[in-house]
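Paired with chain B in one complex and with chain C in the other, chain A is shared by the two complexes that follow.
Coming up: the complex of A and B.
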């Protein structure tokens, strides 16, 4: 079977028939004339925004009539690579899809394998996982805000977003030892306990961020220029959001109340008190507001987690089944440094036959893993569907009808992250 | 185990609703699997959508090379119906490896559009009546190799290399001395 690329309607870049006289070049943009006032514009793939992807748009005048997202520039074949790797080695592999959201990206994988093993993490490990998940979620939203700001030419938001994200990255570093790729949740628990003064630092960060969110509102979201550019732009209706299968803040900005943390509570989320912010407007401004409200809720969860962590101090962070087989030296390391040295038994871990499906709410939305084991030390099949990949379909259906000048505002509001989409 | 009972009840209900359309219902960890014949896939999908399963979470293809089939699955769930949102249902059908032709469900669940394209490039499965069937992540020459199939083996260099036997001199020396 030969894949017929010629059948596609969208014209592909063909260098031989490229007429320089007819095309104009802009950085990251190539334009090809189709007819009178009709052009194909190639935006990207040299970093049009938050990473390498290309949007091929057809314009009539400056109105976009067709948009075709061209993904795959940072595709790393994670699904295929997983089939040849020991279970524990897949964790550092899959977290590379969204390094600033690493805990959320790996947690469903760990959960799916735990489902197959038939075990659950101990209480304190669950709180620690939730803590890192929420830290990651806020960091991811702030990163998204920074990129969004720079899309709109609002460089203050860019600096603020990235500057404040540093606090969360440092918190994550204190907790896990790594700024970004933490590899924190492992089968049966977490890799390290929280350091002595972690909860104090966490509370300090929460207080600071609450104050900052008010600044964001005044400086960015209620800024008349920004509002003019975002309000009523890129509207996705509730019906469309459902049909397109959008996830995360993009879905909730269109009036659908769906959050995995509430629908199918995982880890310790059923113990915490939080709300799911939902906006009805479905435009770019609503998508920005949802994220701010979500940060507020995450801070609320983190506050409760801090209390729980204080209460469960010194408790086990690894499941008994693994902890019982640990050599005495490892236990000494844990007592002295609060870290679980990665046990050699993980390297030869065989997972019982079966199929498992796990979903969690990552920063950008729902992330799902399907894992099939045939009883060996490597999985038979791993299927990963990341939030940005599911949101990519928005480019095709939400952008046409708008002017080219609105494209950055819409693209930025999606908080689309190519490395995560391409996997 | 109340959640297990809930799952059982729900799968019973599904069985009643779908009747002859499905051949098998299994409860797995985290989802309910329903199997149907390839001729009845579209009908079953329409029925599922009527029940309230409004979006596709994942188009999951598994290559069962030993049996000579592909298992094409759609993990579906609901956004608007909060009772259904708790469950994930996988609609599965099998198709022979040498003639992987499946009806597309994109017109029923639009959210499957890009993921069907991914299954097409990875496994070479042809979705009949798909509006825009072309590779999505891979470059066309790579997609032609159908790299997600089990008979496409990734050659990895590995971390450890065994030394050739000639270089193993030290052991010989020690043998002589001994």
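Coming up: the complex of A and C.
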């Protein structure tokens, strides 16, 4: 519809002239007609859910016959930027990939560089890393739940998920000094020791969240209205999940036993007694349940971490290579504030020539880093494979066959996070 | 060594009759929180959080301690910190000038990772637990030596907002507590 701005007459909308197929729509808002009752609908890229991505769907009536995930709207060239930066400067860069999962996203990078340097973090540093990883995992799942709730029109879950996440963000702030971008693990250890009352606060938060999960079950998971929308929707079979290479809770909801914490334990995960829940159904409801069960297990790990932190109080949290020969001022600061001061060599750290590979289980699944060093102070190549990118392919196979109204129930259940996928 | 175990589970099934009960249960829970809400919203301009001493807030320079080693500028991941040269009279040779370097911070770029504070060999930089400073133009955000030494003041605190802090509670999660005058954090 072209409105003549010159004429004083208010243009009258003639609905019959709005024919589909003619360029009478605003740019980017076209609807293409494929045949009788068949359309292409663009969902996104202006925030269809938790970030910028687009799903191009072809509908027949209101049944989706084809879905095509269109990624890359928040691509920030993290891999290329890493090639021009000193090793330590990449940590604050890559944690912006998934800021509510910052420790899980940077830990494999730190581990890979540690492998090249040939050092391992001290015992207490490992416990502190596990503590922050699990805090991040719960926060990430609660965030996912909040978004999932608002997708389904269940705004109570949205408020509860985001409200309870605040407790974990507060815990992380007390530990690291920052709410989201913690920049906590560093080559050879972690940057700050836990404050005096950290384990007490942690135990209080665990008790509260255990009680709260029961509320979530009553309000959200067992709510018949929600169950009707999730049960049997977006089924991913075990075969499809393994063929397409899904990771994380989405894979485990389809009945596949795979978790990096179990198959290749990193940091101190082999010292803790915990279970990894696997659900058989593979539908949206199973994907919601697997996350709740995972939060329960994370709380169980955190309880054990709190005991370990109490036992290892006062131990060093930095590898001897960067801590044995530090000036007395550094040790004084560590004793007074629990802050690890970095040796000036960190800014120009040269990493020996070689290739390293490390992976961890982030909130949304396995995250992998491959680092190639040519012996300089900058990496030759940093390759990141993030969990959301590997899960994105599922949109193509899980959505067709469902009605348009089911799309949020499927999209939300995947806990897909575009900034993480696009890197 | 005790590797994690995989435990297979099934989503609970509910029938028609129990679904009525579950629906009622959700409604009752909603009503419970309607009458006893568990809120801890910060009423921001009227209240402000007194942050922890460990909080990574604005960065302040202690000029006397600075030795001009450039470590902070080298480690800065965003290039927010730069060294600026100054000419000062040389006490040994009054005819010649001595060149000293001091860091400058650009708050447009700073991400408050705190690497500069941690790497400083003489503890010349420190974090202030303040995070809500507002600037009226972009030029103010670049702080040279003089303004870099001043501790920023939270505008909400200066305007007399109520100081609060959050404490952990096993029953309510987080509880907002008002800090009384004279009470130490």
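The rule is short, and it goes like this: the second predicted complex is superposed on the first by the 390 of 423 C-alpha atoms of A that agree within 3 Å, B and C clash if a C-alpha of one lies under 4 Å from a C-alpha of the other, contacts with A are read in each partner's own complex, and residues count from 1 in each chain.
The definition used in the following text is that a residue touches a chain if its C-beta (ideal position, glycine included) is under 8 Å from a C-beta of that chain, and two chains touch if they have at least 3 such contacts.
From a predicted model like this one, the values you see are computed outputs, not experimental measurements.
With both structures placed on the common chain, the touch criterion links A:195 to chain C but leaves chain B unconnected.
When the two structures are aligned on the shared chain, A:72 is found in touch with chain B, with no touch to chain C.
Touch criterion met: A:333 reaches chain C, while chain B stays clear of it.
Once the two complexes are overlaid on the shared chain, A:274 sits against chain C while remaining clear of chain B. Of the two partner chains placed by the overlay, only chain C lies in contact with A:208; chain B stays clear of it. A count of residues in chain A touched by chain B and by chain C gives the higher number to C.
Residues 257 of chain A contact both chain B in one complex and chain C in the other.
Note for the complex: chain A touches chain C at residues 85-86, 88-89, 91-93, 156, 163-164, 166-167, 170-171, 173-174, 176-178, 181, 183, 191-192, 195, 200-201, 203-205, 207-209, 211-212, 215, 218-219, 222-225, 227, 231, 255, 257, 259, 261-262, 265, 269-281, 285-286, 289, 293, 327, 329, 333, 337-344, 346-348. Against chain A, in their complex, chain B makes its touches with residues 28-31, 33, 54-58, 60, 62-63, 75, 79-80, 82, 85-86, 88, 90, 109-115, 121-122, 124, 126, 132, 134-140, 143-144, 147-148, 154, 156. Interface residues of chain C, counted against chain A in their complex, comprise 1-12, 14, 19-20, 22-23, 25-26, 29-30, 38, 40, 52-56, 69, 71, 74-78, 111-115, 118-123, 127, 166, 168-174. Against chain B, in their complex, chain A makes its touches with residues 1-3, 5, 7-9, 71-72, 75, 77, 79-81, 84, 112, 115-116, 241-245, 251, 256-258, 263-264, 354-359, 366, 368, 370, 372, 380-381, 383, 385, 389-390, 392-393, 422.
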